[in-house]
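First up is the structure itself, then whatever we jot down about it.
The chains carry the letters A, B, C and D, assigned in the order they are written, with residues numbered from 1 in each.
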Amino acid sequence: MDTAFFVAWFEDAAKVVRLRRDELTRLDAAIGDADHGANLDRGFAEVRAALTDWPPASPVQALVSAGTTLIRRVGGASGPLYGSAFRQMGKTLEEPVTLARFAGAFEAGVVAVERLGKAAPGDKTMIDALAPASRALALAVREGLEPLEAFERAARAAEEGALATIPMRARKGRASYLGERSVGHEDPGAASSALIVASLATVAGGVS
Amino acid sequence: MDTAFFVAWFEDAAKVVRLRRDELTRLDAAIGDADHGANLDRGFAEVRAALTDWPPASPVQALVSAGTTLIRRVGGASGPLYGSAFRQMGKTLEEPVTLARFAGAFEAGVVAVERLGKAAPGDKTMIDALAPASRALALAVREGLEPLEAFERAARAAEEGALATIPMRARKGRASYLGERSVGHEDPGAASSALIVASLATVAGGVS
Amino acid sequence: MKKLINAADSVVGDALRGLAAAHPSLRVRDQVVYRASGPRAGKVGLVSGGGSGHEPLHAGFVGHGMLDAACPGEIFTSPVPDQIIDATRAVDGGAGVLHIVKNYTGDVLNFEMAAELCDDVDVASVLVDDDVAVQDSLYTAGRRGTGATLFVEKIAGALAEEGAPLDVVARVAAEVDDRSRSFGVALTSCTTPAAGKPTFDLPDDRVELGIGIHGEPGRRRAPMAPARELAAVAMEAVHGDLPLQGDLLVLVNGMGGTPLMELYVVFAEVDAFIRGKGARIARSLVGDYVTSLDMQGFSVTVCRLDDELTRLWDAPVETPGLRWGR
Amino acid sequence: MKKLINAADSVVGDALRGLAAAHPSLRVRDQVVYRASGPRAGKVGLVSGGGSGHEPLHAGFVGHGMLDAACPGEIFTSPVPDQIIDATRAVDGGAGVLHIVKNYTGDVLNFEMAAELCDDVDVASVLVDDDVAVQDSLYTAGRRGTGATLFVEKIAGALAEEGAPLDVVARVAAEVDDRSRSFGVALTSCTTPAAGKPTFDLPDDRVELGIGIHGEPGRRRAPMAPARELAAVAMEAVHGDLPLQGDLLVLVNGMGGTPLMELYVVFAEVDAFIRGKGARIARSLVGDYVTSLDMQGFSVTVCRLDDELTRLWDAPVETPGLRWGR
C-alpha cells in the first residue's frame, strides 16, 4: 500500500460521500440536525483538494494531511472525530505499509475516536461501524488474507455494524437527546464510516 | 316602519353577517386583507348587544345607535363608512317613518359614504351595491309600491350591483393597490352591503 | 394553521397583557399603550396606531424619544376613534399632539374622526405613504404607509423630546416621509388567526413583488430568485422613484417569519446595490420592525438623510423595539 | 423551500458580509466576528461560537459589555478550531480568555482542541447546559445549551468589562448556567438550506415538546394546544427541575419564524404561571434571540437572580442584538 493507494482511498471516499450526501443528511435529519451529509461532503472535498495541491510524499503524510484538513474544515462532531482518527492512524502507521501495520494503525484511529468521543460500542455512533471493521482487519491479518479480501471483510463488518445501530438507543451525540425516540434509525456517522471503509475495498480492488 | 322594524333589521343583518362571515373574509382575502367578515361580525354583534342593552325609543335612535356602535367597535375602512351611513340615515330620517322618508334617509346614508370615502360608483366599493339599492327604493316610492316589494327590488339591485363589481378595477380602498389584479373579484364591502339590504326585505316579509 | 394563541379573538388583548407584563415602562389601558411616565408638560405628544399584526410597530415604539401612545386595532384593522381620542387627550402636555397615520383608508378615516372629536386638543397629523409598489394616482387609494413609519416615529419623536413646537414636528415628520421609499417582497403569505389559512396561495417557485403589510397580494408574481436578484428588484423600484444619492438611512425589514440570517444576506446585496449607485448607507437597521404576522419575506426602506435628520436619528431612544443612547 | 439566500453553501459568508456592512462596530475576518475596537488591555476576552442559524446568537452579541469575538460555524455545525484559535489569540488583552461553549459534542470537541492549541493564552471555559428537556444522565451527551447562553454572555461580559479576573468571570459564568433552565416547543420544523426540506414532519394538529435549536426532534409529540397550555408544559418542566422562586430573569424566545405578537401572548402566560408559584419576573426579554432558522415555536429560559447578577444584567451593553445603557 503506497502513497497512491491512500490518495485513491480519499478520492474514492470523497466521490462516494458526495454521491450519498443526501442520504447521510436524511439519516441525520431523523435523529440529529440534518447536516452530516453536508459536513462530510465539504470535508472530503477539501481533503481531495489538499491532497492535490500538496501531494503527500508518504502514506503517513496522506493520512495526517487528510485528518488535519477534516479537523480544520468540517466542524461539528464528525470533523474532530474523523480528523483525529486519520491523524492518529498516520501517527501510528509504520512504513512501508503492510496489511498488518495498516490494521494496527486503523485500530489506533478507532481508539482515538473512542477516547475523544468518550464513547464505546453500543452507544450508537460511528464507533459501531469502525470497531467491527477494525476487528475484521485484525482477524484477516491473523488469517493471512490479501488486502483486497481483508478490506472486503472490513467493509462488510462496517456495513453490518452500521445497520446494527438501528435498534440501538443513542447514548452519545445529538441522537441521545431523543432517548427512546432514537431507536429505529441508523446512525448517520456509522453509515458514513461504512462508506469510507468500503472505499478501501473499492480501491484495493482497482475498481475506482 | 316602527322601532321594532329597525331593531329586527339589525338583528337579521347580524345573523346573516355571522352566517356569511367566512365568505366575506374570503372575498377580502382575494383583494384585501382577509378581515371584512371578522370586522362586520364583530360590529353587528355589538350593534345587537347595544340595541338589547339600551332599547331604542325610536327608529332614529336605533339607526344612530347602530351607526355609533359600528364606528366605535369595528375600525378599518368599513367601520367608519357603515357607521356614518347609519348615523346619517338616522339624522335625516323623519318620523313617523314612511317608505318615502326611508328612501330619502337611505340616500343620505349613501351620500355620507361617498363623501367620507371620496368614492363614486364604479370604484369597486360598497357604493356599487348601495347606490343601485337607493335608486331602486326611490323608484319604488315613485311607483307607489309597498315596502316589501320596494325592499325586494332594492335587495335585487344591491345584489346585482355587488356582482357588477367583479369586472371592475378598484380605484378606492385596499383593492386599488392591486391595479389590474383587482379585476375578476367581487368587492367584499359590496357583498356585505347586499346582505344588509337583503335583510330589509327579509324583515319586511316577516320571515325573520 | 398553528399559532401560539389562546383564541383567535383574544389574541390582541392577550398580547397586550404580555407587553404590559414585559415592559414596566409601558401602561396599557382600554387597548391603548402609553408611556408609564405619563405626558410631559410642554412636549408635543406623539400618537400612532393601526391594525395589530405588525409588531413591534407601533406599541413597541412607545417610550422616550419616540411615541407617547400607540393605538393597536384588531389584527390588520385600524383602531377605532375611541382609542385615538383617549390617547390624544391623555398624552397632551399642552403643546398639542401629532397623529402619525399610515395611508390606508381605514386608518385615515378613524384618525380623522378622532381628530374632529378632539377639538379641545391641538392636533396635527402626518400621513405616511412610502410604498412605491403602489402607483400614486387618482386610480388608487394612494401609496401605503410601511417601513417609513418607523423613521417618522423615531425622528419626530426625537424632535418632540427636544421641545420643538407642533408645527415643526409635523413638518419634519412629513419631510421624513417625503424622503423615504419602500418596496416589499413576499416568499409566503401570512395567515390571520381569524381566517386560519394563508391569505394568498403562492407556489413554491414564485414570489410576490410589491406586497403590503396586510397580506394584500403584490403587484405581480415572479419566479423565485436568489437574494441578489430580489434585492435588486426592490432597490430598482425605490431608485426609480427617488434616486439613491448621498447618505442614506436603510431598513432591511423582516416580515415576521424570516430568519435574521436571511435579512443580513439581503442587507449585503442592498449595500452593494447602493454603492453601485454612488450612494452610501450612513445608518441602518436590520430586523423585524414592521411585520405582517408570520409572512416570510422582506421589505427595504430608504430615507435620504441630511445632517439634521441624522442627528435626530442618533438621538437617544428607549422603547421595547428600538433603543440606544440610554 | 424558499429562502432569501444566493446559494445554500454561501449563506453563512453572505450573511457575515451583511453583518459587517450593517454594523461598523464589528469586524469580520476569516469567519470570525470581532469588536472593531480590538482587545482592551487587562480585560478578560470573551469568545463564543457555534453553528450558524441561531441569529442573533452569537455574532449579534459581540460588543461592549458582551462578547469580544464570535466564531460562527456552518449552519448548525460548530466552528472549526482554526476560527476559535484566531479569535482567542486576537482578543487576549493579557488577562486571558473565556470560552463560552454550548454543550454539544461538536462544540465541546472543537473548543477543546482549540484551547489545547492556544497554550500561549490563558484560557478558561464555561459549558452552558440549561435545557431540561434532556435528561442529564450517563445515557445522554448531557443537557444542551440553549437560551441561557445569552444570560451567560451578558453577565460574564459585564463582569469582564469591569475588569474582573479570568477565574472570577469563569466562576460567575458557570453560576449563571447553574441557575438557569430552559424548555422549548416547536409548532413547525426548521428547514436547513442544504437539506431544502423540513428536518422533521409535524402534522397540523401536533407540536413537538422539548425541542433543541438544531431541528432535533423533541422528546415527545403532543396535540396542538392553546398558548396557555403550551406555556404551562414548558414552565412545569423548568419548575420541576429548579423551583421557581424569588426574582427571576425570564427570556421568552422565538425560534425564528414566530411573530413577536405570539411571543407576547406566551409571555403573559409565563408571567401568570410564575406569579402562581409565588415568584416574580424581575427582568425579562421577549423576542428572537436564540433561534433555529425558520422554525415556529418558542422557548422559555429562566434564571434565578440575586442582587449581584441583577446588577450585572443591568450593566450597559452595546451589541447589534442587545443594547441598553449606552
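Methods note: a residue touches a chain if its C-beta (ideal position, glycine included) is under 8 Å from a C-beta of that chain, and two chains touch if they have at least 3 such contacts.
Since we're looking at a predicted model, the values are computed, not measured.
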| item | value |
| --- | --- |
| Centroid spacing, where centroids are CA-atom means, of subunit A and subunit B in whole angstrom | 74 |
| Inter-chain centre distance, subunit C versus subunit D - centres from mean C-alpha coordinates, in Å | 29 |
| Cα-centroid distance, subunit A relative to subunit C, in whole angstrom | 54 |
| Residues of subunit D touching at least two other chains | none |
| Chain contact graph, described as a line, ring, star, complete graph or other shape | line |
| Chain pairs in mutual contact under the definition given at the outset | A-D, B-C, C-D |
| Interfacial residue positions of subunit C with respect to subunit B in the complex | 9, 51, 73-82, 104-106, 109-110, 113, 133-135, 138-141, 144, 192, 194-195, 199-200, 212, 214-217, 219-220 |
| Complex interface listing, subunit B residues touching subunit C | 25-26, 29-35, 37-39, 42, 71-81, 116-117, 169, 171-174, 176-179, 181 |
| Of all residues in subunit C, those that touch subunit D in their complex | 1-7, 11, 14-19, 21-22, 52-53, 55-56, 60, 187-188, 204, 207, 224, 226-228, 230, 252, 256-269, 271, 281, 284, 286, 288, 291, 293-294, 296-298, 318, 320, 323-326 |
